[in-house]
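Letters are used for the chains, namely A, B, C and D, taken in the order the chains are written, and counting of residues starts over at 1 for each.
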Amino acid sequence: MVIRVAVAGATGAVGMRLASILARHSWFEVVGVSSSSASAGRPYGEFLAGTDVGRSLPQPQMDRLFRMVVEDSAHFDPAAADLLFSALPSAPAQKLEAQYARSTPVVSTSSAFRMEPDTPILLGGVNTEHTGLLETQQRNRCWKGFVAPKPNCAVAGLATTLAPLRDTFGLRSAVVTTMQAVSGAGLSPGVRAFDVLGNIIPYIPREEQKVACEPRKILGRMDDGRIELASFSVDATCTRVPVLDGHLMSVYVRTERPISPGEARRAFESFGRDAPTRGLPSSPKRTITVCENEAGPQPRLDRDREGGMTVTVGRLRSGGAEGLRYLCLVHNTKLGAAKGAVLTAEYLASRFLRWV
Amino acid sequence: MVIRVAVAGATGAVGMRLASILARHSWFEVVGVSSSSASAGRPYGEFLAGTDVGRSLPQPQMDRLFRMVVEDSAHFDPAAADLLFSALPSAPAQKLEAQYARSTPVVSTSSAFRMEPDTPILLGGVNTEHTGLLETQQRNRCWKGFVAPKPNCAVAGLATTLAPLRDTFGLRSAVVTTMQAVSGAGLSPGVRAFDVLGNIIPYIPREEQKVACEPRKILGRMDDGRIELASFSVDATCTRVPVLDGHLMSVYVRTERPISPGEARRAFESFGRDAPTRGLPSSPKRTITVCENEAGPQPRLDRDREGGMTVTVGRLRSGGAEGLRYLCLVHNTKLGAAKGAVLTAEYLASRFLRWV
Amino acid sequence: MVIRVAVAGATGAVGMRLASILARHSWFEVVGVSSSSASAGRPYGEFLAGTDVGRSLPQPQMDRLFRMVVEDSAHFDPAAADLLFSALPSAPAQKLEAQYARSTPVVSTSSAFRMEPDTPILLGGVNTEHTGLLETQQRNRCWKGFVAPKPNCAVAGLATTLAPLRDTFGLRSAVVTTMQAVSGAGLSPGVRAFDVLGNIIPYIPREEQKVACEPRKILGRMDDGRIELASFSVDATCTRVPVLDGHLMSVYVRTERPISPGEARRAFESFGRDAPTRGLPSSPKRTITVCENEAGPQPRLDRDREGGMTVTVGRLRSGGAEGLRYLCLVHNTKLGAAKGAVLTAEYLASRFLRWV
Amino acid sequence: MVIRVAVAGATGAVGMRLASILARHSWFEVVGVSSSSASAGRPYGEFLAGTDVGRSLPQPQMDRLFRMVVEDSAHFDPAAADLLFSALPSAPAQKLEAQYARSTPVVSTSSAFRMEPDTPILLGGVNTEHTGLLETQQRNRCWKGFVAPKPNCAVAGLATTLAPLRDTFGLRSAVVTTMQAVSGAGLSPGVRAFDVLGNIIPYIPREEQKVACEPRKILGRMDDGRIELASFSVDATCTRVPVLDGHLMSVYVRTERPISPGEARRAFESFGRDAPTRGLPSSPKRTITVCENEAGPQPRLDRDREGGMTVTVGRLRSGGAEGLRYLCLVHNTKLGAAKGAVLTAEYLASRFLRWV
């Protein structure tokens, strides 16, 4: 049995990746794509042609997807789909995702609902226990569906590495500097070559706020139908670097109990072995991979491990008795965006049994 | 009156920059250049031709420097010079700088002597009061000259910004992530394009150790003929980025007293106004420049301010009540290397009055 | 006596460079700036702040320019200016430059008028003898002013190097591959980092046509009040490369008479010595500079020679008895755009004596 | 039945790629690896660890290869192998390949033997009919084996595209500008980031000579036991660009008979359909792929088509009645080096039947 899915915001960078992954996914069938009114009415192939993701599709899927007519997101009827993926920009997402969720479950890559108290930020392999909050959301808002957002792309990597440290050592604070790839800025207009060639831009609008807040929610405790934010602090500095894909993060954590690089390594390596997402089609074998290269992880060399779905950590070094320094790398357009959303959808589908 | 100078290690990247600066400097006259035995005997023009620094020389200085014959550093007689600049690699520097210092003052860009207890790490505008330790060094070692090393290139920027924070707020700890330019790795062989294009290499051998240790000495207190290391801690992560020149650093400090971005800004801006180095030819007007661009400092846009001799800070943000986040940028081959060494030499020359 | 100038299209990349050059130029005084209606009414400082060119202005000029209010190009009255610089996009330039020229001389960086039969493409130091055609233009169109376009940025370099080859050896054909910097694409939106990082894009819309046609007009013969196109052919391939500034071109020419690299070198070196533009403020000492580096010219090393106003050639090699291969480099935003237009304006001003 | 192979020069960039391809190839078994005396005696894993190619090996092959002890190329006994791959530098290759060939067939990526009159330059799918010349070589030199070199990496792409043009239209001349990736310069030391970041280096030592000569031999006619060089001329300009992998070439050809872009396209598309290499494991389905992207081929987007074994052409444009302009792209480390050599070996193995 196949799950019928639609993609809202399908003509952006994330939306096109979503559509191309779903078109090849054995669980899903893409039955609709939508975008802003300016793009509505045109064949989807006009947008996909000339992109990496469009070109990499097998012929039959490509033909089908290219011929699909883009609908207007504002007047899109989600009823034809069992599940809707939203890659809408944050501004329209606020209203449209709510509109879709009246009838249909929505898995979203946008930030619109992330900090809503009745909404979990689902991160595959890390906090599936937050899924229950979606029922609160449905009740609160009288929705038949729900809105399940995934985290910010950098947070997807960071929070995954903080989880085992919190579990094993307790977490007091994290100081993070991100070095984020240009693909994280999307395509229209994205980052200008003139600005970033041979340069670093140490500012990404609204990003540090997300990196500071989302991990505390993702690692918060479900208690009595709500999430209690985790008590650690995150101080973030976010920079844009001339790298194509892959967000690298330099992390310094202080823990409640003594920690050593060796213990941290074991905590990273054993993390996620029993996660309920294990075995799902998009799940990596290892939630976290410890890099054996003493000069790693490196964006270009390590971002595509396990199909871009594992978080790679490396250079574990002491930072005092209760401190640890490490680097972590997340593929921002795979685990950090489209593929991460698909993993969440797989989990939700498998859990709720409505579909599979 | 002119100060006669020689450059040891003159055929490396730093050495060539030193020679070209000195050749144009009104206080100094280059009377000798040396390198390893493999290069000895060849005209210096063979090395300078085809480099930026060689080509940018005015004609008469170029002619003179190009015709100079490279001597063998191992058998170099420093007596002909009033002052010797050493840009030797660390390994030979250990022995040769000591040998030169028997007769002649040495200003060094190498790390060989930096952590010796009787040796200061001189950073123009920051710790001129450490100069007195050179007398201890002379006494201890029965030298007529001395060895005065400058800091590591990243430390030159970091320690400059930590100084006013320590003075005003007290300093408990700093967590630093550096994003260092390829020119910091020198020319032979330097960083391979294949390794760093579209990539970040989060490891620079032996660098984090220097960034952790040198600031504590530079900001230490001279007491009874020795330097007491400052009590704050530095936890560093050093990365190599595809940037030509300019080390950018993301810094998180915890202070002893409450700090706010506004207060920190004032401390940065007023720092160094009365430094004994003010007015020297290579001294910047502002030791620290606060960047007015909300997305700065950026290596390509800001590294050349004040001839590469000011440290640019930006994006001052709170990090809790006693925490501050900021970015700082140092031109690694100017303030961080050759020009920084020249400023130190100017100060030493002006102070000891032997020469000027 | 000062020439009052205005800049139309002043908020684009070229327009801002024009304004900043003119603001510092002793001959000129900027009395107005204009842009599209969307930008009109705002202080010009909003656009200049945060740009290289804005920041590099001396304080008094910066203050004056930043406070100037941007006018609407469509309703701009050119009468207040003795001379108008147009950096308008081609589409509006067609209509607006004609409108301005009714009353006022216009020096333009746009392509709108370049191929009009009664309009010369003026390239400083190369074809000042075409200036007379502006009188035909005035007569034909009943204008008091005129429109004097400069060439395409790549052509500014190419045609300069073809001129002495044509003069000395006769020119049959040129085969050209350009490697053009990202700054050539302007700022809105410019080239996306995601497209060009670690990549080459071998297509620039409408560029090859310009490179093929403009040199034949620039090097054409003025005859009886019209320009007879030169008879050589140009076959061009234009590519975009991850370089900030500086268009590098690989050129293969076939000549009518035998040519050798040595003879070509002499022709390049002696070219432009008697050009009527010699001695003007923006004129380089050498119209063409032969690069002494056997691996040059290189964009990053050579683009700024003589303030970006000389064309650098190198690697002169034989291409058969009547063939020559060489590389040439032009600073696309200096000689190739704003500064090149200023040089043309200086020449026109000095020649027509109306102003200076 | 398995063919036992050894790799000489196994610790360089090409050698490591060769070894890793061969380790996974069902026809071949790696029985020895050699390098200079400085590397001899060390486990091969010391060299492979930390490289892309080493890391991408499946576990059993990796274990086996990593444990292999590197032998000294100068004292290597080729007798244990049925076939030897040489990735030696040109200087030692001259002597050592001859020494190996006394007993053993050698497929070489070096340039040492390419221009020897009794040696073909074998390019899979293009000139298999030259294979017969190896018998002349054996006879001339009293070898049991032979030396079969593959072309220069840029030539592998260029000559492949010239072949169908010569067949269909006759070929008079080609003017070529290459934009070559940094991986083409190998690893020790390779291209310095400081030299090529944001820059183009329009000179690659000895490269233009190879691009001018090798295609004429590859496309020459076997006649009476010798190759008559093709009569067309090639004028080349070779540049190094900040691209990781993939040599892009801008080509202008003049033909003997009229040519149009449409006819050229058909010639490219139908080329190689009946090549004797079709169906071999490393052979692409299409020897030449015409790029459907109007702004292609682009190194980053197109280099990996068909496993890096097809040559991609694009932007076919007229260059006069008997002229054609186009771009072509070859993966320099796949078809242009290691994988190209393996395809040649597959063909030789299948043809001579000694092994398969």
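For this structure, a couple of remarks:
The definition used in the following text is that a residue touches a chain if its C-beta (ideal position, glycine included) is under 8 Å from a C-beta of that chain, and two chains touch if they have at least 3 such contacts.
Values in this document were obtained by computation on a predicted structure and should not be read as measured data.
Where touching is counted per the definition, the chains common to chain A and chain B are C, D. Taking the mean Cα position of each chain as its centre, B sits at the greatest distance from chain D. Across B-D and B-C, it is B-D that has more C-beta pairs touching.
Rounded to a whole number, the gap between the C-alpha centres of chain C and chain D is 43 angstrom.
As a whole-number value, the distance joining the C-alpha centres of chain B and chain D reads 47 Å. Inter-chain centre distance (chain B to chain C, centres taken as mean C-alpha positions): 42 Å.
Looking at chain B, residues 197-198, 242-244, 295, 301 sit in touch with two or more other chains. On the side of chain A, the complex with chain D involves touching residues 50, 52, 55, 197-198, 293, 295, 301. In the complex of the two chains, the chain D residues touching chain B come out as 182-183, 187, 189-198, 242-244. Residues of chain C that touch chain D in their complex: 175, 177, 179, 198-203, 208, 233, 235, 237, 239, 241-244, 248, 250, 252, 294-301, 314-315, 317, 319-320, 323, 325, 327.
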